[in-house]
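Here is the structure we will look at, set down as structure tokens.
In this document, chain identifiers A, B, C and D correspond to the written order of the chains, with residue numbering beginning at 1 in each.
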Amino acid sequence: MSAHGLNGRSRADTAARIAADIPDGSYVNLGIGAPELVANFVPEGREIIFHSENGILGMGPSPNDNEIDWELVNAGKKPVTLVPGSSLFDSADSFGMIRGQHLDYCVLGAFQVSARGDLANWLTNADDAIPAVGGAMDLGAGARNVIVFTDHCTRSGAPKIVDSCSYPLTTVGTVTAVYTDLCVIDITAEGLVVRELVDGVSFADLQNVTGAPLTLPS
Amino acid sequence: MVDKLVPDIAAALDGIPDGATIAISGFGNAGNPTDLVHGLIDQGAAGLTVINNNAGNGHVGLAALLEAERVAKMICSFPRSRDPVVFESLYRAGKIALETVPQGTLAERIRIAGVGIGGFYTPTSVGTPLAEGKEERVIDGRRMVLETPLHADYALIKAWKADRWGNLFYRRAARNFAPMMAMAARTTIVQVQHIVDLGEIEPENVMTPGIFVDRVVHIPVPTDENALHDAEQAARKAGEKQ
Amino acid sequence: MVDKLVPDIAAALDGIPDGATIAISGFGNAGNPTDLVHGLIDQGAAGLTVINNNAGNGHVGLAALLEAERVAKMICSFPRSRDPVVFESLYRAGKIALETVPQGTLAERIRIAGVGIGGFYTPTSVGTPLAEGKEERVIDGRRMVLETPLHADYALIKAWKADRWGNLFYRRAARNFAPMMAMAARTTIVQVQHIVDLGEIEPENVMTPGIFVDRVVHIPVPTDENALHDAEQAARKAGEKQ
Amino acid sequence: MSAHGLNGRSRADTAARIAADIPDGSYVNLGIGAPELVANFVPEGREIIFHSENGILGMGPSPNDNEIDWELVNAGKKPVTLVPGSSLFDSADSFGMIRGQHLDYCVLGAFQVSARGDLANWLTNADDAIPAVGGAMDLGAGARNVIVFTDHCTRSGAPKIVDSCSYPLTTVGTVTAVYTDLCVIDITAEGLVVRELVDGVSFADLQNVTGAPLTLPS
């Protein structure tokens, strides 16, 4: 049980839920951290092609210890492998793929997401925070579908889905869906639409721990 | 499973509507997707805007598409060739529009369409008729004009090797405009001489990653446009003599 | 005769003045020219502006250059790492300036410096603190900001193979920023694991043509920055225990 | 003897004169037509790397008839060869080399060159002229040294070196030197400086067939 007091699913289950929604043949970038879990849950029979913004398409799982190649790392600088059919390219081409809207999905973490799809995930308001953005703004602005994978609330129980982000923005209005331990929410022109609730959580429960108005699909 | 191979040219060109913008790669014979272009004549789409470095040679390939009056507008750097009769007569008859773009600006305008950039400033064409009407500013002491992205609905390109994911390898000087066109087009259609297994093109040597490719058709022996042109000219001369 | 090979790191780095802007390639260990960076500490230039995706890790490589207080300004996308202590303490002490640039914008700003473009419009960073002060316009319905070229006086890069003309081949994910940095720098300096004969890199597979390269130094066994970091950390811990 | 009535050198000799001025190790683009002759006169012992804007660096001579490869052509669409050390790339990268001022020299033909280095070489003023520019504007704007290789006068004897071009411009103020059948002229901030005259041609002769004021080096 988390700070919100509700009985949510595990991160692994949320990752699996995201993976279930990504169609066969998609080109997908997974952000560093929890989003990387999604790769572990690609349903049988689907071919998903993973992109890493440092210049890899067709990224495979982590290598065995005796197969580590430090010239083959992912965006988190950890060693990875290649699958047959992979390609390698420079950073300008890699971000060309991103900015040019060729990626079907990116999955990113979030500090906050707003009701209109603004994302804040790179910088806190702490006085001594050092601005480090990496590829987050490019991914958030460029992928066709920007999925946020996050706990529904912060560790102290504050909502992460809010009317308006209080943290500095990463992108404006580009998030398409949010997958949390409690629900799946689509961000539409009409606002936040709850597509799914996890078992045992009611709409009222969810609204209670969410900082912006929710609706159910019409 | 990702499988971008299609059985034949008709399947490769399926759905191209009238009025589409088609980017066609190639520079001379190198990288020229002549079989797809001939297929496009059969396919029937008309009122097309075509992006190519040139505007056809003789009465074959792109020139044949022009001669069939399927093209409303050409965007190219050099609408001249050894035998430019088809384009010139259409142009002089007012039957085709022309936008002339410096070759490097053409390449970059196509590229930025593919990589999501909205415009760029370049010194090329400053102070010339091709800069007329373009926003100009001085950057680091150099006069520059603003150029805009050149998107395409379809790209027709030719490659040497492809796999089922659509990864491409081009031989020799056949690369030219193809990588940018593959990025800039909503649907990229490739005729390829060799279909190879996944992984057979070394990851480092993939020139166009499959993410930019939609349909691949295997044409093991592509039409040689130069040879076809020469044969066509010989036949024409023989006809004149009779 | 064109021969870009130089005998050693000192010759490779000769002439780098105080205040120079240095682009350093690499992403994690991949393509990281650690030996050139360590050489730059020995070489002595100070007051540098460094362009790199990151801002150093631990106390080795770029972090060591920072720790020696040779760098006045970092231009990077992500000044954080497993062990960011050096950059963070300098930054918090006001001893180093920082320009944070989104990673794709960083790559493209370096590229356009190399290809003579004066600026480009991108949707990345629109509406965020990193767009503050930047010209904004709406292009095809999308908000975009203007970004400017990022030139360098020197580029330090690492490649797998090079020939005497300076043609380069990078292995695996080592390519990252290197091709753009080689284009953007007035003088491009490469450490390379294998020197090969002209023609040994297939013309199609050359990733950075020699025209962008000035000096090549053969470092058959490059410093492994991860291993060095781990060893350095172990030694530090052992020291603390005594 | 040409229309100007003076005893000039042959195109081959002018090409050789240009080649003599291009230092070892230069990266050079030769325009279609007469400029291509320059490649035949590279002095012994110099390694000059030829660029072709369709994506070749390290272009070699024409192939034998039995070695023609139509996927390996130059900017004039004629078959060429590669030398060891050559590299191949796409048109964006190729024009990146040009626009980014990486080429040491380009050699172009001209209809007209002005005293301030403007070049007109792509379009006449004929009513039915079809605008076809190719890579001329990119090369003229991008190469570090823009050399014009031209007959000193038109076939009808009109000067091609003029105060101001009457034909549509290719580039503004970028030509650095002009090599003709009669002379070598540097284009400097002070105007047209005659570096060399061919044997038998006087400065007065040259001024007589030139449409802009000439000076001798100070």
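In this text, a contact is a pair of C-beta atoms (placed from the backbone, for glycine too) under 8 Å apart; a residue touches a chain by one contact, two chains touch by 3 or more.
Only a predicted model underlies this, so the values are computations on that prediction, with no experimental measurement involved.
When the C-beta pairs in contact are tallied for A-C and for C-D, the bigger tally goes to A-C. Distance between chain centres (mean CA atoms), subunit A to subunit B: 37 Å. The distance from the centre of subunit A to the centre of subunit C, each centre being the mean of the chain's C-alpha atoms, comes to 29 Å. Taken residue by residue, subunit A touches two or more other chains at 82, 88-89, 92, 95-96, 98-99, 142, whereas all remaining positions touch fewer. Those residues of subunit C in touch with two or more other chains are numbered 108, 111, 115-117, 122-123, 171-172, 175, 203-204, 207. Taken chain by chain, the contacts fit none of the simple shapes, being neither an open path, a ring, a star, nor a full set of pairwise contacts. All chain pairs in contact, by the document's touch criterion: A-B, A-C, B-C, B-D, C-D.
Within the complex, the subunit B residues that touch subunit C are 108, 112, 115-123, 137, 139-140, 142, 144, 148-149, 169-172, 175, 203-205, 207. Those residues of subunit C lying in contact with subunit D across their complex are 1-2, 111, 113-117, 163-165, 167, 183, 197-199, 201, 203-204, 206, 209-212.
Residues 52-56, 69-73, 77, 82, 88-92, 94-96, 98-99, 118, 123, 128, 130-138, 141-142, 168-172 of subunit A touch subunit C in their complex.
On subunit C, the positions that touch subunit A within their shared complex are 27-31, 53, 77-82, 87-88, 91-92, 98, 100-108, 110-111, 122-130, 143, 171-180, 207, 224, 226. Against subunit B, the residues of subunit A that register as touching in their complex are 24-25, 27, 45, 47, 49, 51, 57-58, 82, 84-89, 92-93, 95-103, 142.
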